[in-house]
Structures are given as C-alpha cells and as structure tokens.
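By written order: A, B, C, D, E and F. Residues from 1 in each chain.
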Amino acid sequence: MGDGKKILFINRRGPYGTIYAQEALEVALVGAVFDQKISLAFIDDGVFLLRPGQSTVGLQMKQFTAAYRALGDFEIHRVYVERESLQVRGMKEENLMEIVTGPDGGTRNLVKVVSSVELMDVIHSQDVLLND
Amino acid sequence: MGDGKKILFINRRGPYGTIYAQEALEVALVGAVFDQKISLAFIDDGVFLLRPGQSTVGLQMKQFTAAYRALGDFEIHRVYVERESLQVRGMKEENLMEIVTGPDGGTRNLVKVVSSVELMDVIHSQDVLLND
Amino acid sequence: MLHTVNKSPFEKDSLNTCFRLARPGSDVLLIEDAVYAALAGSCFEPAMSEALARYSVFVLKADLEARGIDSGDLISGVRAVDYSGFVDLAVKNDTVQSWL
Amino acid sequence: MLHTVNKSPFEKDSLNTCFRLARPGSDVLLIEDAVYAALAGSCFEPAMSEALARYSVFVLKADLEARGIDSGDLISGVRAVDYSGFVDLAVKNDTVQSWL
Amino acid sequence: MNFVVVVNEGPYQHQASYTAYRFTRSALEKGHKIMRVFFYHDGVNNGTSLTVPPQDEPQIVKQWCQLAQDRDLDLVVCVAAAQRRGIMDHREAERHELSAPNLAPGFRIAGLGQLIDASIDAERLLVFGD
Amino acid sequence: MNFVVVVNEGPYQHQASYTAYRFTRSALEKGHKIMRVFFYHDGVNNGTSLTVPPQDEPQIVKQWCQLAQDRDLDLVVCVAAAQRRGIMDHREAERHELSAPNLAPGFRIAGLGQLIDASIDAERLLVFGD
C-alpha cells in the first residue's frame, strides 16, 4: 500500500440504467496501479451494484459488475457499503457480492458494511473524492 | 381549433438545469401550427418553469421561458398546472406567469391550475402524450 | 392507458408522480431502473402494495434479470413480461405515458 | 469540507444523502437545480432548517436569479455567493464532494 | 399497429436507446409497423458515425443502422437538437463550412415537423429517455 | 491554488458544462491555476468541433476552446469514453479508418491516467455532472 493520496470512488447509481458506475470502475482500476490509497464506497442505489445473480443475457449488455471482483487483485484499501442504503432497499448484508483479496491463502473480503456515521468519517478523511 | 388529435406536452423539470423544457417548448410551438388540439401540462418541478422574475444575465444562458407567452399567439387549447406540485414547492397560484390569448380584446389567461384528480382526467383524455 | 416508468423510486420521484396521476385500472410497466420498485422488503413496498390494488403492475424481465432480481424477490402481484409483452401492452392500451 | 449539490430535492435524493453523510460544521453549496431547496415555504423547508443548524449553507446567486428566486424568497440563514465565492469555498475547504 | 418511437438520450450514458431499440425490434418481429424513430435532445448522438465501442459492449449505433437497412426504418435526427450537439450530414456540414459530416448511414436529419407528423399519423407514440 | 475540474455531461442537455466553465474562468481570474479539465462520460461531447448552436444561446464548446487558448488550459477528453460516443482526433480517426476527425481545437484525447495524475497532483478536484 503506497503512502500516496487517499482517493475514494463514490458509487451512488445502480448498474445498466446508466453507464456511470461502469466507467467509474474503469477509473478505479486505472487508479489502482498508481500506488495511491484507493477505496470505493457504495451508497444509495450504488449498493445494487454488488447485488449477486446479475445476468445480462436478456438485456444484451455487458455484465460489467463481475469486474468488481478484479479489485481484489489490486492494492485496493477498502470497499465500503452503507448499511442504511441496504436497509432501505431490503438488501441483506450477507447477500452482497464478495471481493476477495490476498493471493497466498488467508484471503479477506474487502467489502465492509458500515453505518452512515462511520461512512461520514471515511468520506471526511479522504484527500480526493471522485463521483459521478 | 382543429378537430385534430389531442396532444399533451408534459413538463416535469425546471429550467436551466437541463435543456429538456426548452427543447420541449420548441416542439410545442411547431406542433401548434399543425392544427391539432395542443395542451401543455406543468407537473412536479415543471411548475418552476412558470415562476416569474427569471433573469439569466448572471447565468449567461438564454431566458427561454419568456417564450411560453408566445403560446398565447397560437391555437393552444390549455396550459394546465398541477396545484399539488405548486403547494409542495411553496409556490402561489397567483404568482404564476400568465399566458394571455385572444388578440381582439376579451383576453383570457390560458394557464389553469388544476388538482391532481382533474389533471388525471386531462392526461387520460389525450390521443398523444409527449414528455421528456 | 399504459404508464411506463424507468427510474428507481429510491433516487427519483417519477414513480410517485405516476401513482398520483395514473387513473385506477391503468397498466403500469416498470422498466430499466424502475424494476427496483418491485423488490420485496424495501421501504417502497407499502406504496407498491397500495398501487397493486389500483393498477396492473408489470416489470420488464430482462431488466430484472440484469439486476439480479428473481421472481422470488418480487412483491406478489407484480407480473414479469418480456419485450414482446411490452409491445402487447402498448397495443392493448390507447395511449402510452412515459414517466421519465 | 465542501459539499456541493446540484439537484432539486423535489426530484432527486442527492441533498438528503448529503445531509445524511456531511459532517456537522461542513460547508454545503447549492448550485443549479439544488437552489430550489432554499425556497421558503416548501415542504423541504423543515429539512433545510434542520440542516442550517449543522452546516453553513450557501446558494449560487446566478442560479437563484435565473430561477426567479430573490433574497426575500430564501429560508433565513442561507447565504448567496457568486462564482468567485464558489471558488473561495473550494479553496477554504481541503476537499470537495459533489453530490450529483 | 403503427408506432412512432422517440429517443431522448444518446448511446451508452443511458439505457434509453437500448430499450427503444429492443422495443422497436420486437414490435417489427411481431408484424407491427414503426413509421418513424425520432431522435431528440441528446438522442441525436445515436446518429454519429464515429463510435468505436469496445467489442464486448452493445454496438447500438450499428444496430440501429442495421435495423434501418433490414426493415426500411425511418431514423430521423432532429436538426435543431443536432446542431447544438454536433451531428451533421453532408448538406449541413457544407452549409456551415465544417470539416466533415458525421451522420451515420441509415439516419437522416430533419425538422421537428417530422415528430408532430408522426405523432398525428401513428396509432401509438412511445418516449424513451432519462 | 491548483485545481482539476472534471466534466461528466455534454454541452446543452445539462448545465454541468456551463457551471464547470464559469467555475474554471472565475478561478483563473482570481489567480488560481487549473492544471487540467478532464472530460469524462458524456462530457467528452464538449470536445466536438461540429456544434452550430443558435446565436442567442451559449457557445459553450467555443468558450472552452477560447479559454484553452487564452490561458493555456489543458482540456483532456477521455479516450475510452470518447470512442463509445464518437469523438475522434486525427490519429484515432485514421486508426479506425473513419471518415474524418471531429475533435475541436484546444482539446486533446488521452487516457484515464491523466485524470488520476491530475487528482494526485492538484490540491482540489471538483466534479460537475448530472
């Protein structure tokens, strides 16, 4: 983990209805190779991005959210999900897509469900906030 | 007033933040020369379009809402404004921009404030609904 | 009359406006991000249940599947249709209103 | 920290999310359609009044004027700034979060 | 039955163009007629000839072009909206002395009257947007 | 102070590009530095050379070009977002064998690294979008 800037990518929209989250993921993956302290946050409809079981065969669009798992292969600090956003949407914490890191055994899920108050602290401790 | 189709243009967004209302007005003005029974409805943030006192000098954008008055020169059937949308936004009925019609004296304000239930009937009695 | 809605009810007010202005007996079709409104257990479920007493509510199947929502996740009474069913709904009803 | 919001609170949830996640003491700047949130007498006034107890709330003057909102229409405590004031707010705060 | 379809958003940023395309294709497959697809607002950006999307993503502009060719679809890009956003056919590019047109084959540029005309003549009008 | 400005929406449909432009101009007038304006998502459409808006409306593309020229501003259009949406410079148009480029003068096309780079080096980053 570099001593670079703390950069947080905030996702607040669901998948497929718009391209914002897909293109934001492309930025995050590029950012991950810059040796900065990168995190992602999923808030509001952004929590739908980590909903499992997505199949775009019928929609004939790219199922890009599978690529969130690739974040585990990079030096990503954390993936935060706001608990209040999940609750409002009837989403269960235990049903979120996992993003696993740690190639040599001892794997760890990067996804961390946090309260609004905890997320507030995360947001206010960043150097750069990117969102769309 | 022609016996053409009843076409309702529905405006649900305010001015300047997006161009939808401005370009929708361009369609309505073109539609007005086609000898159809044209009406407009202002719902949700669309009621902000008829708020008086708009000045875009500082914004350096076109103050297009003045052109709603031009509707009075065309064979427009009615301009409906939803009362509930006004109330939620703290807007007073008597403060709405007037759209006056009737060139030879006996002028009449095309703008009619209606309840949600009345507007429901208006919407369901149209042949074509255009919105953006 | 057919009313289509394409916005998540957690993000935008479009579906609430549809439910305020669609006449009882109307068909309401949820497409794109609006399919999240049919998710059981959300804070929007009471509004949707109330709407189901007044409208026939449909959801576009491809949009559900893409968003990881299967039939077991739906509020009961909501019916899934494919694009062909969307066309049929547009044919069946005299006019279509898109709440964007 | 500076939080900017550009969406009408009657249309989208952005401002509510801002108020949920902005730390007390933050600066909040309403631009574009978000300036409608500062309108006195709307159903959003209670939320805004509560926010004013926790944040310094600013509105962009050019956006107010364009939308026909004059200083007498504003909820008291909200302060109007011009683009230069916007830049000053961005300079004064270490980070800027845009709630879109 | 005779439809007119209105598309208000460009390719990729919003799902609107995809949904409109799927509806249109399905209606045609069921034997209905699409008298016109009218591209308005940012929808005019669907008419660009210059997209090169990644191969594993929808080729929505090409799909519209192909459908136009296969089914003799009338794809109309609004001229006023297109001028604001930089979509030009040969005639417009020449008139404004701009380098080169970028309107994709299968699309044509025309006025708002084409939308009103279609909404009068068609039996159903559907709007796809944001 | 050193800013980077991100623009996520195209010209005309949304106010984002206007607000970003006014912020940028004001910051420059106050003596600050704008190290880069990065156009992402539909924001890439600000880089088209083919807009001909009505004369009584903002000429936002030309305004960005002019500001770039006057102040030596670095206007960067994201290549991946631009390929999806049909914004091309000479090199890209040749590579894809497309008719002609449509990138406006004053803009350049580059990768997402330019956004990350800028967000690391600049003291403040502001996003303007929908």
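General observations
Assume a contact is a pair of C-beta atoms (placed from the backbone, for glycine too) under 8 Å apart; a residue touches a chain by one contact, two chains touch by 3 or more.
All of these numbers come straight from a predicted model, not from anything done at the bench.
Common partners of chain A and chain F, by the touch rule above, are D, E. In terms of the stated touch criterion, the partners common to chain B and chain C are D, E, listed by label.
In terms of the distance between Cα centroids, chain A is separated most widely from B. Taking the mean of C-alpha positions as each chain's centre, the chain lying farthest from the centre of chain E is D. When every pair of chains is scored by its C-beta contact pairs, the maximum goes to E-F.
Here the CA centre of chain A is 28 Å from the CA centre of chain C. Taking the mean of the C-alpha atoms as each chain's centre, chain C and chain E sit 26 Å apart. The mean-CA centres of chain A and chain B are about 43 angstrom from one another, to the nearest whole unit.
Shared interface positions of chain B, defined as residues touching 2 or more other chains, are 16-20, 44, 59-61, 128-129, 131-132. Residue numbers of chain C whose C-beta contacts span two or more other chains: 6, 10-11, 13, 32-33, 62, 95-96, 98, 100. Those residues of chain F in touch with two or more other chains are numbered 8, 12-13, 15, 22, 41, 54, 57, 80, 84, 125, 127, 129-130.
Pairs of chains that satisfy the touch definition comprise A-C, A-D, A-E, A-F, B-C, B-D, B-E, B-F, C-D, C-E, D-F, E-F.
Put simply, chain C touches chain B in their complex at residues 1, 13-14, 17, 20-23, 94-100. The touching residues of chain C, when paired with chain E in their complex, are 4, 6, 31-33, 60, 62, 83-84, 86-87, 90-91, 95-96, 98, 100.
The residues of chain E lying in touch with chain B in their complex are 6, 8, 40-41, 80-81, 84, 111-113, 115-117, 119-120, 125, 127, 129.
Chain D meets chain B in the complex at residues 6-8, 10-11, 32-33, 36, 39-43, 45, 61-63, 65-70, 82. Residues 4-5, 7, 19-20, 23, 26-27, 30-31, 34, 36, 128-132 of chain B touch chain E in their complex.
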